[in-house]
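After this come two complexes, each holding chain A, first together with chain B and then together with chain C.
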Partner chain A sequence: MSYLVCVLLFGLMVGSVGVASNRSPYFAAMGLVMVSGVGCGVLICFGGSFLPLVFFLIYLGGMMVVFAFSAALSAEPYPYGWGNRSVKMYVAAYVLGVGCAWKVLLGKWSGFWGGNLDESGELLVLRGDMMGVAAMHDVGGWMLVLGGLGLLLTLFVVLELVRGVSRGGLRTV
Partner chain B sequence: MTPIQMTFSTMFLLGLMGLTFHRTHLLSALLCLESMMLSLFLATSLWALQLSTINIATVPMLLLAFSACEASSGLALLVATARTHGSDHMQNLNLLQC
Partner chain C sequence: MNPYLLIVLLTSLGLGTALTLSSTHWLLAWLGLEVGTLAILPLMAQRHHPRATEAATKYFIVQATAAATLLFAAFNNAWLQGHSDIQHMSHPLFTSMITLALLLKLGLAPMHTWMPQVIQGVSLNTGLIVSTWQKIAPFILLLQIKQIHPPLLTIIGLASILIGGWGGLNQTQLRKILAYSSIAHLGWILLILQHSTALATYALLIYIFMTSATFITLKKCKATTINMLTTTWTKAPTITLVAPLMLLSLGGLPPLSGFAPKWFILQELTQLNFIPHASIAAMAALLSLSYYLRLSYSITLSLSPNNLPECLQWRVNYPISTPLSSALPAALALTLFLLPLTPSALTLII
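Presenting the complex of A and B:
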């Protein structure tokens, strides 16, 4: 089981290097898709059930879809893939940096399993992290109200940012 | 440090470096910001899962909500840039250049 976690952590690092290495946004969005899928797997390995689902549905199915169709705004005839020289230099620099950091800081592992939420081994109906999120509705009700008000404010912010005809963020159109 | 904490720390730092050294497109800077948010979500979820303090599981949910706010504001700025300058190339944003 710990080998599976090692493979998933490697996938996380590869995807992060792929996002950060300055490729065309099409390929960086694919890297983020891979990172969120593999991150969902990591959370499952550590015993979560609701949080990985939230991650997959909301992050991948909501936000990444919006980023994917916004990538049409950055369309260019020859997007930077892996074959570009500067992208290869960035990838090499990031891989070298990550490798050095791992070698120096993680010379001997101080234990691997911090803990696993379903250590009891039984099949429970009320899973741990789902009950934690339920606490957000119970005692964290005011935080939910604040979050909702923040999202409403963001809606108006976005409407003002893209409004044209000299009333909002676009002055020349 | 355990490998999982090293992983999301380096994910955060990689996203930060990608945000700092972005060169061509505004959207790739926004995607690096999203990878930083992703590493923070992983970190707070693993806090709730590994230490069995399950009340902290509210933190990733609220983080995701506010990260959606930030992503939508960033994309609105991207749309404004694309409508004003015609593309989202960073070299067009040179109004403050001396």
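Presenting the complex of A and C:
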């Protein structure tokens, strides 16, 4: 089981490096798909049930789709992929960084494997992440309302920033 | 801008600051800060020229970085401590990280480089909002964090006063001068924050009055460079009379109200035996005073060459009315005449 977690975390690192090193949002989004899929697998290995579902449904199926639409709107004719020299430089730098972190931290996290998602350490009927979501809707109701207000404001702000075709912030929309 | 949208954005600005001021949990504080950041972006970019768009982009990136650092450190602290209370943070690393994030939001040295560029790129009214209203929420959060590493606040405060003074010396654009003035004033506020939160609040309040009066005055004169200030006497002679006093109040000279915060800060520092801090701050204030004096010279103390029709603008256009004109007398009165009222003003805060 810990070997599976190792493989999934390695995939997470590869995907993160792919996201961070890209100048083009299309390929970075592909890296994000890989990261969220693999991260979902890591969460399942640690006992989560709800959060991996949220990852796939909401993150990939909701936010990533919307991002793909808006990236397609602001299309550029020659996007930089991973074959480009500057992107390869970034990939090398990030892999070097990951290697340095690995050297520094190796052996200091021995108590990491075999933990549970909710960190309570006791036997519970419900999973930790489910309890958290229920609490968010129950006692955290007003915070959810404020969060929704903030997101609605974000919508208005973005629409105002990009309207106006050639006079707005985004010339093609 | 669409009036409905303008109302929504201004209300959201107020809502964001109100959320942060009323929060005891870091998540709500972060939410308020983010709402405030988002609400001002269309106001900054509403003219849609590249300078404004660039200023809005830089502002957003800086504030988002600071907010992300804030959230990261707050949740790390909550993980280690068990609760996300703002007033009971105990982990020194994450307290310092949150402090640095809030200082980046305020625009203090060495994280100040975005301030002159952002304030230069936006209009005078929006620059007023960025300089005054957007400083309140991070400042209140700073007040509530206990046990900040004292050398951090002292070094950043002194560096801000020095950089605010030296940076403004070579500027001819008025909005950049006011940005450096903002950096210097916030340096004074930060210097006294660890010793007396009441004095820091008082200093911020007087700074908000003075900066509001200055921005509104500049808007009325339609001046954005020092050269454009020289024709103020043709447009509004009353402003020509009062503007040097307002600028000297920014510089901290008695008997104007800008003297009171500096006076009490120096007194508090000397009573606590921080003589080098007080000396450096007092001498660095002279740097700021020199560019305020340069502005006063351009407005009042010299008469620039002009042709005859332009000398009589005040006859044709009087009174110059901008949307914030009605706030100018109040702001000016608070900028000039508050010093004798300081004892009663301080009782409001202590």
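Here is the rule we use: the second predicted complex is superposed on the first by the 142 of 173 C-alpha atoms of A that agree within 3 Å, B and C clash if a C-alpha of one lies under 4 Å from a C-alpha of the other, contacts with A are read in each partner's own complex, and residues count from 1 in each chain.
Here is the rule we go by: contacts are C-beta pairs under 8 Å (C-beta built on N, C-alpha and C of every residue); 3 or more make two chains touch, one makes a residue touch a chain.
What you are looking at is a predicted structure, and each value in this text was computed from that prediction instead of being measured.
Of the two partner chains placed around the shared chain by superposition, neither chain B nor chain C is touched by A:84.
Greater residue coverage of chain A by touch, when chain B is weighed against chain C, goes to B.
By the touch criterion stated above, A:156 is placed in contact with chain C alone, chain B being left untouched. By the touch criterion defined above, A:13 lies against chain B but remains apart from chain C after alignment on the C-alpha atoms of chain A. Put simply, chain A uses residues 143, 147, 150, 153-154, 157, 161, 164, 169 to touch chain B in one complex and chain C in the other.
Chain A meets chain C in the complex at residues 143, 146-147, 149-150, 153-154, 156-157, 160-161, 164, 167-169. Within the complex formed with chain B, the chain A residues making contact are 5-6, 9, 12-13, 16-17, 19-25, 28-29, 32, 35-36, 39, 42-43, 46-48, 50-51, 54-55, 58-59, 62-63, 66-67, 70-71, 73-74, 80, 86, 90, 94, 98, 101-102, 105-106, 109-112, 114-117, 128-129, 131-133, 135-136, 140, 143, 147, 150-151, 153-154, 157-158, 161-162, 164, 169-173. Considering their complex, residues 1-8, 10-11, 14-15, 17-18, 21-28, 30-32, 34-35, 38-39, 41-42, 45-46, 48-52, 54-58, 60-62, 64-69, 71-73, 75-80, 82-84, 87-88 of chain B touch chain A.
Of all residues in chain C, those touching chain A in their complex are 1-2, 5, 8-9, 12, 15, 19, 27-28, 31, 34-35, 38-39, 41-42, 45, 48, 53, 56.
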